[in-house]
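Each of the next two complexes has chain A plus one other chain: chain B in the first, chain C in the second.
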Partner chain A sequence: MIATRIALGIGLLFIVSVVIFGATELLPGDLANELLGQSATPETLAALREQLGLNDPAPVRYWNWLTGALTGDFGVSMANGRPIADLIGARLGNTVFLALYAAALSVPISLILGVLAALWRNSIFDRAANAGALTAISFPEFFVAYILVLWLAQTGLFPSMVRINPTTTFGDRLYMTFLPALTLMLVVTAHMMRMTRAAIINLMASPYIEMARLKGMSPLRIVLRHALPNALAPIINVIALNLAYLITGVVVVEVVFVYPGLGQLMVDAVSNRDIAVVQAVALIFAAAYVALNLLADVLSTITNPRLMHRR
Partner chain B sequence: MNKPMMTGSAFAPSRRGVLKGAAAIGAAGLILPHTTTSATAQTRGGTFRIGIGHGSTTDSLDPGLWEHLYVQTFGQARHNYLIEVGADGQLKPEIAESWSSADGQTWVFAIRQGVSFHSGKAVTAADVVASINHHRGDDSTSVVKPLLAAITDVRADGNNVVVTLEAPNGDLPYLMTDYHVPVLPSADGKVDANTTDGCGPYVVESYEHGVQATLNRNPNYWKSDRAWFDRIELVSILDPAARLNALITGEVDLIDQVDPATIGMLESRGVARILSIPGNAHYGFPMDSRQAPYSDNNIRLALKYALDRQAMVDVILGGHGAVANDNPIGPANRYFHAEMEAKTYDPDKARYYLQQAGLTSLDVTISVADAAFSGAVDAGAMFSETARAAGINMTVDRVPNDGYWSNVWLNPNGTTPFCATYWGGRAVEDHMFTTAYAAGADWNESFWDNARFNELLVKARSEINEDLRREMYHEMQQLVSFEGSTIIPMYNNYVMALSNKISTPEQISSNWNFDGFRCVERWWMA
Partner chain C sequence: MAREVLLKIEGLRIEGRAGDAWTEIVKGIDLTLHKGEVLGLIGESGAGKSTVGLAAMGFARDGCRITGGSILFDGIDLRQAPEAERRALRGKRIAYVAQSAAASFNPSHKLIDQYCEAPVIHGVMPRDEAAHDAIDLYRRMQLPDPEGIGFRYPHQVSGGQLQRAMTAMAMACRPDLIIFDEPTTALDVTTQIEVLAAIRDIVRQFDTAAIYITHDLAVVAQAADRIKVLLRGDEVEEAPTRQMLEAPREDYTKSLWAVRSFARPEQPAPQAAPILSVQNVSAAYGKVPVLDDVSFDIHAGRTIAVVGESGSGKSTAARVITGLLPPKSGGVLFEGKPLPLALKGRTRDQLRQVQMIYQMADTALNPKLRLRELIGRPAQMYLGLQGKALETRIRDLLDLIELDPDTYIDRLPGELSGGQKQRIGIARALAAEPKIIICDEVTSALDQIVQEGILKLLTRLQDEFGLAYMFITHDLATVRAIADDVVVMQRGRVVEQGPKAEMFAPPHAPYTELLLSSVPEMDPDWLTRLLESRASASV
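Showing the complex of A and B:
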């Protein structure tokens, strides 16, 4: 079953690659034009187009790129001639670091808040947690980010921008990226927390919970031992979705905190018509989505004995 | 997206008439107080961190492709040029110790000896020849190729470099100050365009395209009175709010493109000051003069009288600029024509010119995007409002920033004859005119073709008599202003914000932003 899913995932990625290529073909202007900007003259344009190989027909360029990508070689950036692997490498690391950091903050917090909110359903705590999380998710990201900058950066507690050097230590990195991670945490917590709460509350009405309660178990034990394992599948799915979002959708936060991640690279590449980079990054994003959803599927299968031991 | 070459030589603060003193007030009120307090003794040391609102992963190291403030400043930090434009607008020797020409057609540059690249290799005449040739020839992708097209030959002669032109041009030394033409190390007559090596004040330590660059002082730099900082850090911060935050929280010391709306708030913080430097940079609205109705000069004049220039300076530039009289030659130019009749907002006059064209009302569409200049969309809306009183119905078509320069500017599809533009200004009149007003020029955005103007342009280039030359340039400015097809309502200042930790010389160059990009070597820690 897992093998079929992986095969499906690869097929999906292939379709995505075709779509990505088609979409970038539709953009107005081409790389040579964007590179020279207002300074483009027919002569220099022609010379640059020739150098960049933009005169090949679309299918040829697609095939060359796809075969390269399969062997791990995304080719060179059309804009500055540097290998795309180099361009993406450091930024992918930054993006994954920020995503994991934000996940490390938000997943435990939303699980704990979700379980407690389910436990003390309709209490002041439940309402406060819900209201707080919903308020945070309702503000646009950049607004949350600017508020945090105003409160925490302009007072000197944390830096307002992230500057990572090769010499930056892990501790410094955690400190510097705290504000972007906190922003992302505020943005994604509501989703996971409310899903946890809803899934558990849904199960609390089940007969076996009733039974456990009649046996005289403590409410906390009922939730953790009996309700939570059965609620894991939807929770895992929503966590996977949010992780995928943290990797692919944080360009606004990157811009506000000057964080050199993949999102900014993607935006840069689109506005500069650096098609090769756009395709590579889009493929990575698509792969992240497919892989995380696959992982969520596999994990929810494992947590569900009925699916694991199907006859 | 800047176009090549530069603004202003010889900035003269005393002038009258069309400027209404706005730029002069800018110069006196904004620059001088800062400089009198901050002109402390120069000291060595410190790190100068600059936050720049440009920069992307596609930025090239190749100087022939440079086009925005990040790469310009980064280039200036690591390279030297043949000739420098001083803060006073005068030419100063740099790698060229001296230069001369007997006839204006053959120029001899004496190359300074004893200067070396960061790699240790000595700077030779051959390097200079290869650096110039990088921008010439069929396979060159340099954006200044058209500008250097008049050069027929470049050769080394001992320690001299001899440049031959197809026709005399007294302004060649100015061409050699263009930021696209740094002196690069060469081998076998070819430069390595993608090197970070140079003979400039700072040695590159690291460069992450579109993120940041770090440079350390060149210990062997030949100038003893320059390059005060130990270290330069250039950070690309595209978001205006993030840039401002970085300055307020002390993450950077200098930022560009300060939003006029935030200036008051920034000044009240007391950590930084605003530098507002008037130059020749200008914003404008070119009209395709080949296309009706813009082919009729009466229509063009009607439009020129139908906008409120002062209001645009006040609103769009927040007062950080000066009114322009449809003249691309700015007050910082040598032959600026200050006595020209000023065009003011005058709906009656506009109506009069409409009648001259046989019309009582006119429908036009202006295509604007903030890619042309920040505030272009608002400027279009203001234009449309004021034009209504003159019987001109102007539709403001807001077009996407993306692809503006390829799909809208220069009217490539014939559907955008009236749009917005900006120019960085040029050090010499000839550059500005040759680049954007000469018939057939690649960037002649209004496709203007005026026989008298074209004749004068060629004549003025080789005229030796200073008075005659001035007269010719005045006549050309008159022609462009009253018969030309580009509306130029304002000269925009370079507005930057500088931390109080940094000192500047008394005079800051009006030739490009950031003290002619040379803040890295001219400024110091307070």
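Showing the complex of A and C:
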């Protein structure tokens, strides 16, 4: 069953690659024309088209692009002629670092808050946690980011701009990226916390929860040992969705904090009409989405004895 | 038998919340239980049996609250004691066995882990010892493979085995008192006696006191020393088992005893050709074969009962007839002509002729639709009724099922009792004006008195409209009451079939014999005698 899932994931990525390629094909304008601009003569245009392989039929160009991408060769940037793999490499690392940082903060916090809110449901704590979560999720992320800059960067506690390079130490990185990570945490925690709470509360009326109460188990044990294992599937899925968001949806936050991640790169590439870079980044984002959802499916399957242990 | 008093409940009052209002559902119950004694608690649903049983653990479900009286367990006042003290008693000195073991075991953990939880958490014994003990108790409960069964997940174990595993789990801390809340109600007759016998034996072995809650008198008669009858939160009467069975004092108790006196008069043998004929049907779910060469006939104006334990293929046969599951081979004739096998191939008129009534009226009725729509829809779809004609038809149907149209026509299913919902299921089937109605365990989820009402209604409608019923059930008392013909199924095959009189007279096929002898009788010695006779037969 897990093998089928993986095969489906690969098939899905393949379709996505076709869509990405097709969509960029549809964009108006001629690449050679864009690159040469005013100075273009019919001869130079023809030569450049030949050099870029633009005269080949679309399926051939797609095939060349796909096989290149599979071996890590995304071609060269049309804006500055550098290999795209080099452009992406460091930035992908930065994006993943920020995503993991935000996830390391938000996943435990949202699980703990969610469990406690379910345990003390309808209490002051539950209401406060829910209200806080809703508030955080209601503000646009750039607003949250600027508020944090106002409170925490203006006072000099944390830097408002992230200046990192490959030589920055791990500790410095954590310190410098704290504000973007905190912003992202505030944005994604609410969703995960509320799902954890709802998934657990949903089960609290089950006969096996009543049985646990009648066996004299404590409320905390009931929630952790009897409800949580059965609530894992929806929680895992919502975490995966939020992790995917942390990788692919952080463009605004990266721009606010001038963070050198993939989102920035994509925005720049779009404004420069650097189609090859846009394609590459879009493919990476899609791969992240598919891979994380695949992982969520596999984990949900593993945590469900009814799927793992047949009769 | 003047042993020490273990549990003493006095003047117990419990309120339940319905919407915003609190209504009293237990109205001043007294109950005394001595050490090692088994008390049967009897009544129809809504009588407050389970609520009283849970109150004996100092527990009230969400939406219920204990408002009066005292609950003394071994000198501890469970109403006054702090929650921590109550929690320390639950699972350790007072244990609970729930009606549906399949739902009450946590699907995420292995049986033995759930077994060990109470002894370890309550500090009775370490895990190794508890696990060792579990195997011993599994063996005493006559579970197959006692060493290995604990390492399975609940979904890997059958319902009857789970119920025994749950009883073993309740025994884990050797409690003084166990509350059995309808432990055999959800089981087949054949499984029911095995579980009943195992429960009775283990309670005796460990000299455990028990409150045995059920709505089946014959079942409680086998296990209880005393019986207490409840009705709508009030006590009707209490007496030692034998005395209660032989000489019930109150009219209500007598009515409980008399429920099964209903019987439809014998019908003359069928003259005409069968209206529907199932011919050599074999069917499978995917690769799993479920029906093997099944044939039987359904006659107009007669009831054919299809009996057998769960998994015997009764409901699958109904799915084949209705076209929901096209058979692998064989076919279905309606009035002599073959019906298309799949639902899609059938005409609207062919669909109209066979209607179904389901076991769980709760889930078979769309909770968002008013009765007008629930009943009106088939009349509209199959018969093209509109406007005034439709309204009249809906009202006639409500009259037929003995519900006042003015009161009920705009109600939602949620506003009806279980028996009323089942009546709506009947009206919905009737609305299509079918020739055949398939009743799939339609009375199994209902109390005996409500069951009787439904059976009488079905019989009256049958006589009035000449309907043919296919009655799927595992309850042989119902078969005795209303069937004309009987088909006995086991593992997808027809074991025996014929007119009722023949089926209930010996000699029987061995499986029919097993089914018939498993129906509990209103005699406290029935189970003992039965087990003895089976033991001697198997030697």
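The rule is simple: the second predicted complex is superposed on the first by the 277 of 311 C-alpha atoms of A that agree within 3 Å, B and C clash if a C-alpha of one lies under 4 Å from a C-alpha of the other, contacts with A are read in each partner's own complex, and residues count from 1 in each chain.
Throughout what follows, contacts are C-beta pairs under 8 Å (C-beta built on N, C-alpha and C of every residue); 3 or more make two chains touch, one makes a residue touch a chain.
Keep in mind that what you see is a predicted model, and the values were worked out from it rather than measured.
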Is A:Gly156 touching the first partner chain B, the second partner chain C, both, or neither of them? first
Identify the partner contact of A:Thr169: answer first if only chain B is touched, second if only chain C is, both if each is, neither if none is. neither
Going by the contact rule set out at the top, does A:Thr4 touch chain B (first), chain C (second), both, or neither? neither
Answer with first, second, both or neither: which of chain B and chain C does A:Asn122 touch in the superposed model? neither
Just checking: does A:Arg82 make contact with chain B only, chain C only, both, or neither of them? Give me first, second, both or neither. first
Just checking: does A:Ser271 make contact with chain B only, chain C only, both, or neither of them? Give me first, second, both or neither. first
Output check: A:Ala47 vs chain B and chain C. Expected answer is one of first, second, both, neither. What do you get? first
Chain B or chain C: which reaches more residues on chain A? B
Which superposed partner A:Pro260 touches (first chain B, second chain C, both, neither): first
In the superposed view, which residues of chain A touch chain B and also chain C? none
Given the complex with chain B, which residues does chain A contribute to the contact? 27-29, 33-44, 47-48, 51, 77, 79-82, 87, 90, 146, 149, 153-154, 156, 159-161, 163, 165-166, 255-258, 260, 264-265, 268-269, 271-272, 274, 277
Chain A-facing residues of chain C, complex: 54, 57, 59, 61-62, 86-92, 95-96, 98, 100, 103-109, 117-118, 121-122, 152-153, 155-156
For chain A, which residues count as touching chain C in their complex? 205-208, 210-218, 221, 225-226, 229-230, 303, 305-306, 309-311
Give every residue of chain B touching chain A within the complex, in rising order. 1-4, 56-61, 65, 67, 138-143, 145-146, 194, 206, 208-212, 214, 235-239, 241-242, 245-246, 248-249, 251, 402-403, 405-407, 409, 442-443
